[in-house]
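Below are structures written as structure tokens.
One chain, subunit A, links the two complexes that follow: it is found with subunit B in the first and with subunit C in the second.
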Partner chain A sequence: MENSVVSSDLDNGNVKKAILKNHTFILFIILACVMIIGSIFVPSLAQKGNLLNVLRLASIVGLAAIGATVVLLVGEIDLSIGSVMSLSLVAGGMMVGYGSVPALAATCLTGIVLGIINGVLVTKLKINSLMVTLGTMSVFAGFANVVTRGQSVFLYDAPFYLSLGRGYIAGIPVPVIIFLSVGILLSIMLKYTKTGKEIYFTGANTRAAWISGINTDRIKLIAYSISGLTAALAGPLLSSQTNRITPIQGVGFELSAIAVAVLGGTSLIGGKGTVIGTILGALTFQLLLNVLTLSGVGTYMEQVLKGLLLIVIVVVYQIVDKPRK
Partner chain B sequence: MYLKNIHKQFPGVKALKGVDFSLEKGKIVSLVGTNGAGKSTLSNIIAGIYSPDEGEIFIEGKKVTISDPKAAEQLGVGIVHQEPTLVPNMTVVENIFLNKEITKNGIVLDLKKMKQESEKVLEFLGFHINVGKKVEELTLVEKEVVEIAKAMLLKPKILILDEVTAPLNKDEVDHLFKIINDLKNNGMGIIFIGHKLQEIIEISDSIMVFRDGKNVGELVPSESLSEKEVISLMLGSTLNEDLITGEDKDDTGQRQEVLKLAGLSKQGFYEDINFTLYKGEIVGFAGLKGSGITELFQSLQGILSFDGGDMYVKGKKVKFKYPKDGIEAGIGMVTNDRQGEGLALTLDVKDNIAVSSLNYLRNRFRTLNTKLLKDNAGKYVKALSIKTPSINQFVQNLSGGNQQKIVIAKWLLRNLDIILVDEPTRGVDVKAKNEIYKLLINEKNNGKSLMVASPEIRELLSICDRILIINSGRIVSEVHRNAKEFKEEDILNIIHSSHQHYTTAQAM
Partner chain C sequence: MKRVSKLLYVLLILVMVFSVVGCGGGEKEPAQTGDNQTNTEQPAATGNEKLDALYQEVAGLQGEEALKFFEGLKDKGLSDAEILQFFIDLPLSQANEQIAKMYKDEGFEMYSKSYPKGETYNGFQWSKGSGTKITGPFSKNDLKLPFTDYVALPEGPVGDANKTYNIGVVFHGFSHPWLINWADAAKWEADRHPNVKINVQDAEFDNNKWASIMDSFIAQKVDGILVWPMVEAPTGPPVDRAVQAGIPVVSVDRTAGTQDITSRITGNFPANGAQAGMYAIWKLAQEGDLNAKVVMLRKPLGSTADAVRTGHFLKVLSYFPGIEILKSYHDTDNREEAFTNAQSALQAYPEIDIFFGTGDHEALAALEATKMANRLESRKDGKKIIFLSIDDSKEAITQVKDGLFEVNTPYTPLISDIGMRVLLNIVTKSAEMPKDVITPNIPMVTQKGDVIFGMQTQTPDQWYEYTFGPALN
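For the complex of A and B:
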């Protein structure tokens, strides 16, 4: 039968809302716990230099995670984020001889184009997005290596480019400023524009969205372009940390980006999630990693824990979300 | 077999209110009634798909509880469902033995034995079907026979046949009836559910008539029993008593034409539809399940394409590629699946109402005017008396009737001229039903044009100015409110007789 809901459910509106808000609330709690417990065991965690470093890295992964969030919101997934980052970095690297600005422009443009390629494949050819982006993940990463023949590009002659990742404005790391600006912009877009509402509706029920007059293909295309752009934007922030562009810079980044989005409360089935959640998710994620690094876990173990973290997050949210069904 | 005082309640609906039913060995009892009268619920209870809230079931004198379909099988109840249950790309044997595979030593499938058994069952049914064939290669009758063979495998004592004749033509039905009579003569008790009354009179030993969850009479077929008698028992004496509106529109000449269909066709769904919709009227579309009305409506908004004929909106020829095009031309459909096609359940009331009108809810910076959006959503929540604690409530927490109103509100906010409603009150309780009727009539009085499809003729009678009867994708009749045939009885008669006519014609 139709699921007519019993009338008592009608009164639970406020409770439900509170639970939803709790995603953000829970995140705050987790963030605080990690911070407090972490600084007890690893005193160096609370040092200003370290915290700024955490913020900087959180901003980089957070940027890419914002794109991942938007794609998840429309009910799809983007596994090619890391590869888009590598290839768009490499494209910028080829232009770095002409200066920082052309290099950055090339990077962003490439990111958008790669995002559009993903979007077109998903919407026009109607291929499952998991498969499409698994495929393009390999294709883009491969191209990055082919174009550079595996070589790195050094960035010593591009001070402006480098300042993006390493500079400060009013004592705040530039990546943090870029991250927050993009975050605020996207947050406004999602909440206060037609496209934003349509992104949520498309993710919540694509068929109903389509019948309601939404061009769902266009919406998905937009989501993938945003993801391409944010992945590309995160690239220079990362490569300026190491002074060079390598064709494998983005490897594994999609995992971090998706983990951060999911940690921030974005639903894997679409229609639910916020940029604020993703921002908090990025901070929590990076802080956790930092605690692990400082306790001397080592890079390889870090990778293991990153993957485990993703699984744990999904399981925890599944449990938290259950009563809402 | 004997059932006593069976009650069953679904959220918002009392499906069965104290039904007694008995079936003897070697008899065929038919269940008839309008949609929602309770016949399917009863057969589903016997087959263990639902369990009754109250009442007792006896099989061969022993009291039993049928907790699930497996238990029903063990008690000797077999069912052939209305909807096909066969897997098309598997062979006949594989389908017959699905989940009942015979194995050697419990591991390896005993293909040979399964093949022999299948052939035996089919032969018993009087059919020679190559059991190695895939089901998708079979004809409709053959498929139906395989469905029966599947049910027969467990040698049931009671067999439920739920609308098995629907897709078959006259010859095929005759063939099937021969088999059913054989089964009956072998001592099987058969429960037959159908819509084609002539067939039912032909095959049954007795006919149980259902109305509103009760069985209201038992008829014994004889030469003199007519379809009319069955229909009038199905409907009871309460004919047309709840009509809300009653305007006759005779001024056809002056009326403003808003939609015109000229020979509209979509292969496999509807054919040669000629129809004109005028401003300020509600036109009903009546027909059996699968008559093509849903697809016709979908085509009008651009959800489905049509492949023949022309469509004109206010005199302008149109052909929509996307649902968006239909909306822009002023046409919106409330589909019969509001949760799957109408709503985003995880979003709130205001967003669901505003989703199609966002273009008009923006300020000069091209961002959304949140206040305007809230005001408008609130306005329709109030106007349609949608019961929700606030416009920020998630739609999934509302009842079916209120969800339906939200889908309608979405099109009203968009200010569409033509609203197509497929099954306006599906899964909606009685009170909300009346509210939805009033709402639709109100929109008509506001100058909107509505097309309403419903399996409940009574619903159409209460709100429509005229009713078109569609059968197998064609318009077979049109009944105006002022015509003497504007009665449930007569319309049902047309539906059933034209169906008969059509299937015979197809057989020739």
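For the complex of A and C:
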């Protein structure tokens, strides 16, 4: 665990080393640099309206990334996040006629169920999670199209649903409030509850965790349920931006979610990472995208630079994690 | 210390990347204007003497003079169809140097020249009210196919009644409202003929999958293939392979990257762009100021729809030096991306007069982003931002009806039934089909029905039954 690494370094009295090894701290520095340097080249970056927009969009990808983080923490991966989002959105969309609340309830419930399906397949059938979720990614996406026959569900008559993605409470975009609430709750859960600690232990060494009495299957099931729920929660925030639900809304979202989680310092091999890091990762990711879009490099060049910058940041982590000779 | 210096190296790289980004910055230079000399390049003869003479006249005009010339077209004896044709074939003007440069740099001339033009098959003229109501076999949408009388084919067996004709259909997008209705129209036509069996395959926006489906149709020795090619370049070789194997291939809407295709049914991309340009100038003239700042939200780079529409739009605008293109954004036919682009434009430019979307998603995304940014009426004197939309989804036409979009220039997916009839005629050798089957231009849709440079527009209610996609309620 990252936290334990930090504390052990602190015990040795090497505070400077500990800080430099802390991914959250590094990410914070990078975020500040992006903000400062970006503002010099793109003056409109620092405008209040733009920053609120960055926060709103970061919240959507960040929510899904929190779920991805929890799954990565248990040493697994969830490639079906985008498809879970699409199918749960579509399930909720079918209920829009009954009102926003039933639609949102159906969306969240579907997300949890799909997460549980992933968890059961991984734990009970003992199939590699990469392959399981690669498969369910296709299955869920296919179902989303089958159910809707490729058609959109419009949200013009669902003001409450729309307000989730577009509204403000005390000047703060609603998605930001949802994102931070979920983030804080999960952060507390991971840090202070028995289940949270078991999540870290399971990811750090599944066999050792199992031997020490942790029901690792149950922990993985919980992780996938959380991932399903957060993917489903992110869906309405995204679809309300463009006033409609489509069966392809979540396509490709899994890659952004996993990228943000890794950017936030979560290890791909499990047991290491924090929700706070993921929150910072989402902000950095979205701010980078915003800088690139505002600077006018063009959609295709944006893709190139976005990928390059992600690689640079991950390289930084590798450099600081490398043990000293 | 070593780690700190490595970290500094990485930060240095970040600074360098931002420097590159900054240098390529989005702030465009102000539009430069040309002088008062003859502005257009020598217009190529169109073969229409009346129009060619008009192009000679308009060549030296710009701004208010060009506007007056456009306003007088009806008085020069041009019909509605001829007025639209005048704007479609209008030569590029050098009056607006920024637009002229953009037109050349992006190669719009090449797209414009290669896009099929001409008369409709057997001089077909579409009239309001004609067509056939159906329930989409795939989408279950209520649709009205406007051109079922075009290249008409009677219901019942085709060709040899004892033979089954196997037709392959490859397109992209059972998940896309425009494309699923495209597939609806093709299947509806095939289902009218009991000895026609079709196999509809969705390549899911993957050009490699598209090619492999084509190859599997060739291997199955189908009698004919109907295609919707997403982009040109990668779709040419598979079509060539089919044609070389003796299988006729007909494309509908976008064109494939080969001249050897058996037949092409093309829509009204040139008219869409020209109409959007006409409307923009007409609207600005109504407001009394021909200066405007335009943001273009565009479909994928390299797609026929984007290039032909944008090119024809810019040609009309090129006569007006007061028009400035602030920025041109591309997306991948994805409304969320278009939405992000629109948000960025609204953030970067405090003054935007016009959003031009080259497709359904783009204008709708711009509208939502503008509403969210509370910028709907952010122009000088509190005027509303002008939204120029293309593609006649029920959603878009409803926005015209509600006064949120100023105009929609319709482009319907419900033309694939024409393609199926052309293909069946070729496969059964029932009739000689031309290489290019041109579909009729459709009048633009405005809220109340206006007369724009002498051309009558239609109201949303008049066109609504022909629109595609699901209804809003």
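Rule of thumb we're sticking to: the second predicted complex is superposed on the first by the 283 of 325 C-alpha atoms of A that agree within 3 Å, B and C clash if a C-alpha of one lies under 4 Å from a C-alpha of the other, contacts with A are read in each partner's own complex, and residues count from 1 in each chain.
We take it that a residue touches a chain if its C-beta (ideal position, glycine included) is under 8 Å from a C-beta of that chain, and two chains touch if they have at least 3 such contacts.
Please read these numbers as outputs of a predicted model, since none were measured by experiment.
Contact with neither subunit B nor subunit C is seen for A:L52 once the two complexes are overlaid on the shared chain.
In the superposition on chain A, A:V139 contacts neither subunit B nor subunit C.
Once the two complexes are laid over each other on the shared chain, residue contacts for A:Y156 go to subunit C alone; subunit B is not touched.
In the superposition on chain A, A:M94 makes contact with neither subunit B nor subunit C. In the superposed model, A:I188 makes contact with subunit B only, not with subunit C. Touch criterion met: A:V34 reaches subunit C, while subunit B stays clear of it. More residues of subunit A lie in contact with C than with the other chain of the pair subunit B and subunit C.
After overlaying the two complexes on the shared chain, residue contacts for A:V120 are found with neither subunit B nor subunit C. Of the two partner chains, subunit C is the only one touched by A:T242; subunit B is not.
Look at A:L109: by the touch rule set out above, it reaches neither subunit B nor subunit C.
Chain contact summary for the complex, subunit C toward subunit A: residues 3-4, 6-7, 10-11, 13-15, 17-19, 21-22, 24-27, 138-141, 173-177, 179-180, 301, 327, 329-332, 335-337, 339-341, 343-344, 347-348, 364-365, 368, 372-373, 395, 469-470, 472-473.
Put simply, subunit A touches subunit C in their complex at residues 20, 26, 29-30, 33-34, 37-38, 40-42, 44, 47, 49-50, 53, 57, 145, 149-152, 154, 156-157, 166, 238, 241-244, 246-249, 289-301, 305, 308-309, 312, 315-316, 319-320. Within the complex, the subunit A residues that touch subunit B are 1-7, 9-14, 16-17, 188, 192-194, 196-198, 200-201, 204-205, 207-215, 271-272.
Residues 10-13, 301, 303, 322-324, 327-328, 333, 335, 339-347, 351, 354-356, 358-359, 362, 366-368, 370, 387-390, 392-394, 396-401, 410, 426-429 of subunit B are the ones touching subunit A in the complex.
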